[in-house]
Each structure stands twice: as structure tokens, then as C-alpha cells.
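As written, the chain order gives the labels A, B, C and D, with residue 1 at the start of each chain.
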Amino acid sequence: MPVYQYDGKSFVCIDDFHQYALQTLAKTSLDYYESGAEDELTLKANLESFKNILINPRLLVDISHIDTSSSILGNKVSMPIGFAPTALHRLAHDEGEKATAKAAFDAGIAMCLSSYSTTSIEDVALSTNHQGILFFQLYFNINREITTNLLKRAHASGYKAIALTIDAQVSGFRRKDHKNKFTLPSYMSFANFENQELLQNLSATNSSSSVMHNLLNSADHSITWEDLAWIKEISQLPLIVKGILNAEDAELALKFGADAVWITNHGGRQIDGCRTAIEVLPEVCEALKGSEIEIYVDGGVRKGSDVYKALALGADHVFIGRPVLYGLASGGQQGVSAVINILHDELQRNMQLSGKVSIKNITRTSVMFRK
Amino acid sequence: MPVYQYDGKSFVCIDDFHQYALQTLAKTSLDYYESGAEDELTLKANLESFKNILINPRLLVDISHIDTSSSILGNKVSMPIGFAPTALHRLAHDEGEKATAKAAFDAGIAMCLSSYSTTSIEDVALSTNHQGILFFQLYFNINREITTNLLKRAHASGYKAIALTIDAQVSGFRRKDHKNKFTLPSYMSFANFENQELLQNLSATNSSSSVMHNLLNSADHSITWEDLAWIKEISQLPLIVKGILNAEDAELALKFGADAVWITNHGGRQIDGCRTAIEVLPEVCEALKGSEIEIYVDGGVRKGSDVYKALALGADHVFIGRPVLYGLASGGQQGVSAVINILHDELQRNMQLSGKVSIKNITRTSVMFRK
Amino acid sequence: MPVYQYDGKSFVCIDDFHQYALQTLAKTSLDYYESGAEDELTLKANLESFKNILINPRLLVDISHIDTSSSILGNKVSMPIGFAPTALHRLAHDEGEKATAKAAFDAGIAMCLSSYSTTSIEDVALSTNHQGILFFQLYFNINREITTNLLKRAHASGYKAIALTIDAQVSGFRRKDHKNKFTLPSYMSFANFENQELLQNLSATNSSSSVMHNLLNSADHSITWEDLAWIKEISQLPLIVKGILNAEDAELALKFGADAVWITNHGGRQIDGCRTAIEVLPEVCEALKGSEIEIYVDGGVRKGSDVYKALALGADHVFIGRPVLYGLASGGQQGVSAVINILHDELQRNMQLSGKVSIKNITRTSVMFRK
Amino acid sequence: MPVYQYDGKSFVCIDDFHQYALQTLAKTSLDYYESGAEDELTLKANLESFKNILINPRLLVDISHIDTSSSILGNKVSMPIGFAPTALHRLAHDEGEKATAKAAFDAGIAMCLSSYSTTSIEDVALSTNHQGILFFQLYFNINREITTNLLKRAHASGYKAIALTIDAQVSGFRRKDHKNKFTLPSYMSFANFENQELLQNLSATNSSSSVMHNLLNSADHSITWEDLAWIKEISQLPLIVKGILNAEDAELALKFGADAVWITNHGGRQIDGCRTAIEVLPEVCEALKGSEIEIYVDGGVRKGSDVYKALALGADHVFIGRPVLYGLASGGQQGVSAVINILHDELQRNMQLSGKVSIKNITRTSVMFRK
């Protein structure tokens, strides 16, 4: 039964976890998680973009056996839903990324760890006994030694891929964070940058505030498509290019050797007023047709039916961001597991209700757009 | 005069009955009746889908004599509005399905009884002295003996047709019911399954809760279009396929011998985010053009003009679900009769106001879409 | 200065008069005036339909002299705005239709008197010393003697035209009136039917309530286009066909000798869910192109710019209904005059702001539709 | 850091300044600044018109060096954002136009002074030591001596261009101003008309109220395109035609010698229900393609991304009106500077986030319309 009980409440959908997080997390943490850039138009558009897509059921099909399994970059997963990289999980729950990673591992799904995690690359890997399907998200630091260090540590800890973020060379302007003068609480840290002389040198003091400032301002503004090869060479891992928003850049990713493109507007946190992943998806699929490259999306996914719609429009994998944080805020690992269970139940139920017995059965004709 | 007085209130439109039900029924009953699946997008779309369709009157026509009569599967009715199958009428009023059936019979319209009625097939038939135009709605049980038993009883009690539900092999996820842990009150039962050893065997205890759980989980997930013939053979009755949502499945229904297709999204209770019956209707009419098969719709019908619009777009019959329950909650049989009277008055008035003297006069040019 | 002072308040736009009426009139009167049919979708659409039409100014034009004058059926008017027939003016102000007619006369504009006025045909004519540009609106009574009587009296009193209402053979269903059991207060009457034995014979008693009931139910449901000739013959006046909602009926009006077509949905009071006059206007203009017949519209006109838009889309004259009643409720004749002044000022200002010096300058290219 | 502190508050976006102005300015001043004509539909449309335009980023571009500089009529500016003429700055802050002009000068951007300023042409020029990039906005007075005087003074004080307003031969009707009987407070004046015998002769008294009335009613209604040449001859300055709302008038401006067209609906203060500058921009660009004439827009610009979108659609320069007044109300010159800084930061950030290193990089493919 996809009903989760916690703190005297029943949770039956992602919105229940959202409401719980809104009521229990500290305001500055919530603002950090919840904010989109500027007027938050893109943030809202992400949620809206699924509503105009309709599932088109084909019925009286034998649905005795439903299989939601899939794969991502050669790794078998229980369903094509993974965890997008989100920063600072310990703001939501003390166990932070360890809880998240264990929940993903238990469910047999992929998790992409943020560069800005509050648990280190190594500790996250260890939390799943190096058995998790972990990817590492990279902000390309202007100091190549730092970047090299991160890539090599990810490889050494058994991560399965690198996801290079290309849409955040500067931070989107999230107004509340600036008004809050948001910074990391003193009892947590940017775990991947602890004890790194290289980074500390950038900072006059060693406070988390100044480390954060330095990190956010240490992106290499000069990198271009030509640099993808270097990342693959250093990491020896498949490379996902995360931040694609049109066919042209998707084609460049393919040309320069990416193994996957990740269509995203960064949860509405970067450009305010751009397309949603779902809006971009069809043109990217068309552009990459016939290639082996994989296509991922995120942004606004809150229901199993949202996943279904993205798959139908051509996505190979669908990632969730804030729902993971909402789950984490609702009981730690068990909350995250509950989020996964609910999404799985919703995806499976929608497959049953529309006559699809496997992920491959979900195709372009499985959905239509409301006129 | 289409004004109904009850409990010190005046009822002049279906919404008045709705408001009364909202104020007087128990919360768990209301939640069961009112809920749609998940975010209830489809539930809302059903109501919205009529608003963009406009009646196009042709005036200075002699409207001295208006005839709203029609027929369904060879049965003469006073108007092309029938009762869709809805479960558990005794939640709304102690007389339950008997009151509903008698009101339908008095008005000379058709009623389709739900498998999950709180009054048995036989008792409902008896309430109209076997004179009612009754159909029986079937959930195809995985135990063919149970299914056979239901079909034979319907035939024996003089039901005129079987409506096979194809869109509910699993239940849509209605969140409130899960939070409420909704189950049948102990003083009522799934009347069609009482004293059936077959079904009780599925259940560890004999409580209505466990019977309900078993019923909802005993659909045969393996049935396909090929099984229509078996139903017709066992029941010896015309077969309506209920749950059609596109031209392709409508064509299959025709091919496999259905006598009618019923376009519905199950009152927004199954897939959340699919088309409305009204949106689907034109393509189904186009696909079935030239055949003898009848076309029914339901979903969001709250006014005589909604019926008019559905007829104009090609429906042969229009069914109402929740309005019947609202009427039942507003005085039992007399409330249901008042609902019928108001819809009849509205339909007739819109015919007068648009220069149509018979149901057949209402054609595709009688409506247009707002751009 | 288009600012009207009354009862300690400043009125600068029609909405100010509306607000005043809402605050001061009796609820049953307000409900009668304000209501639309059923869900009032058409009522709202009338107001909305102007918002998507945009004025396209052409500037640096010499606007030293602005002329808003026009004509209607050969009668010169100060602007192409007239008073649509609305019933029961004495509900708004004790002077009723006399005040309305005098305000129209003072402004040099046309007024169409309702059959259901609370001042008689003769008294209204007298109030303007038989100098007003008055039309008479006709509900075609099943008793031809009554109809003949009305037409002959209108002719005898110097009315300039007959406007035959074709969209109200039965009343639209306005819910509040039915809940209110609305009827005429005892101290006023249907003045055109006073002392008429013919009508009284229809009624068991002589109360205004029963007269009203009889009137509303005495429309001749059998009249057709063929009857237009009879009306013209009896009245010896130009004939306006009021209630046109598509090109087909406009063409029939032309064919059967109408001098003007009046596109209207009866203020949203008849069919709920039909097109607005503004939506219908272009196709009627296209259908009647090249003929001498005049084209009028009403519905939702609340600003001079609404008039401008209707003229640009092809209307020859624009009528206002409720705004007249709002003015009447705000000081009687002087309130109605203020409504006229404001609309004239707004029309003139919009002509100045868009470079049009005469009504004829306002053409199809003067407006565009927002995409 | 684009965070401005004032009066105990943090300002991070233009809306923060707007909110502060709403809370601190006198009601009549606010109403004068904030009002649009009539129902304020155009006022709202201006803000809405940017929301449907989306930025289309191209990523992994070297963004190490961002250049926001541009030029206007041969004058180099730090960014293509200027101050639109708005009247009566001293209503917002005692320093009035001096503060505004100094902030523009400090930022290296252009400012267009209103004819109806509360600081004179000469004093504004002096406030920037005659180094500012100042334009003068002209209402063409019916008394040519007054007009000549203004043009010669602008030239003598080093203004760089004349912007002839063509859309305000009469005032749009702003309802609140009429209800407020808005007039200038006695301790400020229409500084460009002080001590002018010519204008005082028009007025029975010398009160600011009567001067204002006279000014607003002294536009020359007879001027046409032919008069542009005279303005250029008298002023010996480049001429901007301000108030263009379609391709036809843009082409006439070009034909009659304008150096720039300014697409605007006057902040929604003139015609209520016309297109927005952003809606008109593409057709004007198409019409003027290949000419040297410059194209400006204003209306609803509240974010750097709005500027970006206007540039992408073909504008050479983007002007802001109310945001300047909101800044002025929030601390005078420093508030205006903060508004500039925030818009510059937003523009630059959106260029970085979308891979554009110079204004010229922002082209038609940099944006798309949401379907």
C-alpha cells in the first residue's frame, strides 16, 4: 500500500511530503531548496508543463505482468527514475546524502551526487557498500587541480558516470537567498572540499560562508565543448552533459563525445524565463534520432504520470530533485524510500490503467497534447 | 416549474443538489463520491470541457411542439439521458438503488446498475416491477464463476444490456479514500456478492472491509477484446463497452461485436490526465460512421445544455453519475426525480431557445467551438 | 469634464454606476437586472469578448475636428450608441422610462422601448414631446389582437421602428429570479398591457404577478420568417430583427425584408453558452455585404472603446442595456445623461487617440485581435 | 552585490522598489504614477507581454568577458537601457530630476527629460555638468513660440536629441486622477514653463493647477508628419518619434526624416486596449529593415531579462519609466543608481547564463515564443 505514516501523518503523494517540509524545515533552508530564479516563472512552468500532456490509454490488453525495470548507461535499474543532484542534503535531515543514497540503493535506482554535497564522495559510496548506482555531478572549477581531484575521487569510489553541469557558470539570482544572506550552518560543510588546501587558499578565512562564496565564484567561465574530452580522459567515466535546452546544443554534445544529454533548466533556478525540459524534449529526440546517446530530463516531476509522459515523449530516464529533499525532510532514509515507493506505484498504476506492460511499451502515441 | 423544495431549501439546478450533498453527507462518503484520481485534473477537465462548446441557435422556427424522446438499444426513453453506474447508493440515502431505479423508471429513462451496488440485481429489478430500463455494469472477476453468476442473474432479472467496464482493472488512486481508509459501513453490503461462497473464500474474514478489498483486487487482468464474445454468449444480452477513450479502441469494440461504446474517463477517477469524453467524441463518431453501433458519453454533465452539446457532437445517449447521487442525498427518490426534471426542463428549454423540435434536430451544426 | 457627482460620490466610468446600483437597489430588482441564464457563462463572455480586440492607432493625423455623429434607419443621431430595450425601468428609479427617454432625447440618441416597460408607449413618446428617436421592441403575442394593438400604438405615437425579439419565445432560466419568486411590485405595472381586456382574460386574477406570468407565457411559438411581412404591414414601420446569432439567420432576415439585424444574445439572459455579438459580427457583416440592411450589436458594452471596436468590426450602431439601468439607479434622468456623457467622452477620446475624425474613419484596420 | 539597503530594508529586484514606493508615497502621487487609462488593460498587458517570450541559452561558450556597452544616436552608453520621460519627479523625491539625471550620468546611460519635469531643462543639464546623455521629450504646443522656445533651450543646454510624443494629443483617461482632482502641489512647478509669459497668458490665474490644465489642453491637434522637418530645423538635433504602434506609422517616420522610432503605448496611460511595444516590435523591425533608423521600446520592463528579450526581438535601446520613479522614491539618487545596478546585473547575468558576451550577440534566435 503506497501510504507512508510519519509523525502522526499519512503521506500518499509527493505533495504530502512537500507540505510536511514546508511546515518543518527552517525558513532559510526551505528558501534555499524551494527558490527559483527571479520571478520564479520557470519554476512554475516546470510544474505546469505536464498538465497539457494527456495519457492515451489502450485497453483490454493483458496486464497480468508489469515490468518497470530499465537501464541507464548500462546499469540495470528497477525503474527509469533517478535522483537529480541537489546540494546540501543535511539541511533537510542530519543523515543527509547517506540516507538519500541508501534509499536509492535499496530501491535499485540511480543517484547523482552534487559537488556541493554535505557528505563526501567517499562517504556516500561507502554508505551503499560501493554497490549503489552513483553518478557524480561536476561544477568545473577554474582551478584544474580541484576539478581533477574531484573526477579522480569519483572514479576511485566507483561512481558510474560524471554529469557536467553547463548551465551554472554563474548562479541564477534567487532573491530570498540574497535577502537571507544564506550560508551553510557552521556544523556542516561542503564535504567534497574539506581539508583541501587548494580551495582554502582562495579564501581569506576558513568559514563555511567564505568557502561557499568561493565555490560559487570559482567556475571556469572559459570552458567550451572542446573540454569534454579532457573530463572523460581524467575521469575514465561516461560523461553526461547536464543543462541542455535545445537541439543545437544537444547535437554539439553528441559531436563532442557525450554519452548522455540531460535536458534541464536546473529546477527553475538559473534562467527565469526559458523552456521546460518537457517542452524541449521532442526537438532533442528528433535531433539525436539514430544515435546511441541517452536522453534524460528533470524539472517539475511530482507524479508517476509525469514520468510516464516524459518517457512517452522520448526520455530514457527521468530525474527528480526537490521530491527527494521533501522525502528526506519527512523521516530521513525511510521518507526518501516512501517517495520512491509512491512514484513507483503511480508509474505502475498508470501503466496498468493505460495498457502498457513494460517501459518500452510507453511510446509517442501513449500521450497527446491537449489543444 | 423546475423548482424543487426540500429541507427548507429551493433547488433550481444540479449545483444546488451538489451543495446540499456537500453540507449533509458524511465526509468519508462525500470523499468517496467526489474524489477523482491523484491531482483531480481530469475531474476538473470534465466540467471545463463543455464551456468551450457553444450552442448555435437557428430562430424563427416553429417550436410549438418539442419532443425530447429517444431510444437506447431499442428501448424507448423520454429523453436521451440515463444514469451511469455509480457504486454504493446507500451511502447517500437509506433507500439506495431502489430509490434511484424508481425515479428513473418514473421518468422513463435508462439506468445502469453498478456491480458494486448496495442493493442486489434482483431487488433493483423488483423495485420497478421489472418494468425499468435497466442495464448491468460488470467488473470482470478473475473467478469466472463469479462473473458468470452476475451475467446470468442480470439476464434473469430482465436487464436489457451488459456494460463491461474496461478502464478499471486496477483502481485509480483517490488520495482521500486512502487517507480515510475508506470502507463500507457495517450496516450495508456489496449486495450482489452477499452469501456467495465463491467470493467469501477469497477473504479471511467476512467483514465488508475485506470483501471490498477482495472485490477491488479480483479483476481479471488478462482479459482482452477476444473475451467480449464470451460475455455476450453467457448473458444473452447486448454488450456495451464502457471506458473507450480513442478511435482505435472504439474500432476494436465494433470489430469484436460490441453493441455500443461508452466514452468515459470514469468520472475522473482512474487516469488523472487523460482526455474527456467530449474531447474524444468527435474522433470516435468519425471512426464508427456508417455502423449501427451506439455511442454514449458521460463525465461532467451538469446541465441540459451539456447534454445538448454532447448530442450535437454525435452522442446517441448521455449519462450522468454524481448528479444522481446528489439528488439521492437530497430527499431520496423525490430528489432524484427533481434532478431528472431539471435536466429535462433545461434540455427542452435549450431546444426551444435554439429552434430544435426533436433530438434528431440537434446536429453537428447546432454547436461550435469557441476559438 | 466627464465626472458626475451624486449622493456624495464621483462617477467617472460605467463601473462606478454599476457599483452604486449594486449598493442601493433592492436585491430582487438587482437580481432581475443583473442575472444571466443558468451558469452565467454568456453573461461573462459578453464582457470578456472585447478584451481581446485591440485598437490600432494611426497618429500624426489632424484631429482638430472630431465628429461622432451618425444615423440609424434614416434618423440623425449624435453618436452611434443607443439604448437597448430593457424591462421594468421603474425598479431602478421612480421616473422609470420617462427619465430614460428624456436623457436619450437630450443627447440626440436612439432609444428602443421594451414591451415590458413600466411606462406606456404613449407616455414615453409624450415625455419627449414626440421628438425622441424611439423604437418599439415587440414580443410577438400568441393573441394577434394584442400584437396588432401594440404595433398600431407604436406607429400612432411616432415610434420610428419595430424591433422584433426572436430569441425569447421562452424565457432563459435565471436562477435567482426563480429562487426569489420574482414578480412586479404592486405599485407598478406592465404599462403597455394595462386595461387590456384581451390580456386580463388570460389571467384568473388581476394581480401583476399573474399578468407577468401570462405575458411571459403568451409568446407565439409558431411564428417564422414568413411573419415578418405581417408585422411590417400592420406597423407601417421599418423592422429590426433582434436576436441574430449567425450568418444564416442574418441572411434570412435580409431575404424576408428586415431593415436591420440586431446581433445579440439578450444580455446573456437566454441561452447560456452561445457566442457573443462581437464574435458573431464579422460573419454577419460578410454575409450581408453589399446590402442596405443595417447591423446592430449589443452585449457587454461598458466603455467608449467597446463601441469603437464594434464599429470597427462592422456594426452600424451599438446598443447598451444594463448601463442605462445603472445610470437610472444613480439619480434618474441626470444619472442616465451622465452615462451617455461618459460614453461619448470615451468614444471621442479613443477616436482622438487613434487618429479618427469621424465614425466612418473607424474601419476594419482600426482594430486587431490579440493572438 | 546587487542588494541595496535603505530604510532598514533590502532591495534585490525592481519589485522591491515598487513595494517601497507603494508604502511610502502619497496616494495622489502614487495614483498619478501608477495609473493606466480606463480599465488598465494595457497597463497589465505591458507586464504580461514579456512572460510568453523565453530565453534560449547556448551553453559551453567562453563567457570570461561580458560587454554590455552599446550606443544610442552616436552616444556611447554602458548598456542599452535608458530612462523614458516621466513627468513630475519631485513627487517621488525632493531632488527630483536632478537626482535622476545624476544617477543616469554616473551609470553612463541615457535619460530623456519630460516636458513636464519639475526641474528645468537647464538645471537638469547643469546637474550633470553638461556631460549627461540627455534627450528632451516634446509635447508640441499649439503656440509655436512655446514649442520653439523649448526646442532652442534643449539645444542650447546640450541635449542630444528631441523625442516628439505623438500619442498624447489628448490625455488618456486615468480614472483615479480625475477622482483625486490631481494637480501639482503648490511648492513645485512645471519648471520648463515658469516665468513664461506666453503660457501664463493662457491661464486666468497663475496657480499650478491652472497651468497644468492649460498645458494638458494646449497640444496642437493639427500637426502631421509634415511637421517633423520643422522640429529638426528649429532644434538642430536628431529626432525620435515616440508613440509608434504599427509598421505603417514606423514607415512614415522613416519617410519624414526621423532618426529613431520609439515603440510605446505610453505606459498604458493613453489608449486602453492596444498592443504592447513588445507585440509591435517584430513588425516594425521588419518594416524598417535595411534603414539606419534606430528602434526603441518601453513598457513593462522590470527585469534585465525583459531588456534582453526586447533586444533579441530587434530593439536597439530599451527604456524604463516607472522603475526610475520607484528608485527615486527609495532614497533619491542612490535609489535610482541601485535600480540601474540591479538591471545591469540582471542583464549581464542573463547574458552569462545564455552564452552571450556582447549586446550584438543577442539576436532573434536568442529567444522564442512559448506556444
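The definition used in the following text is that a residue touches a chain if its C-beta (ideal position, glycine included) is under 8 Å from a C-beta of that chain, and two chains touch if they have at least 3 such contacts.
Everything numeric in this text was worked out from a predicted model, so none of it was measured.
Under half of the residue numbers found at the chain A and chain D interface occur in both copies, marking it as a different-residue contact. Ranked by separation of Cα centres from chain B, the top chain is D. Rounded to whole angstrom, the centroid-to-centroid distance between chain A and chain C, based on C-alpha atoms, equals 61 Å.
The distance from the centre of chain B to the centre of chain C, with each centre set as the mean of the Cα atoms, comes to 43 Å. Residue positions of chain D touching 2 or more other chains: none. Each chain pair that touches appears in this list: A-B, A-D, B-C, C-D. Looking at the complex, you find that chain B touches chain C at residues 1-3, 10, 12-13, 50-51, 53-64, 303, 305, 309, 345-346, 349-350, 352-354, 368, 370.
If you check the complex, the residues on chain C that touch chain B are 38-39, 41, 166-167, 169-170, 172-173, 175, 178-179, 221-225, 227, 243-246, 248-249, 252, 270-275, 279.
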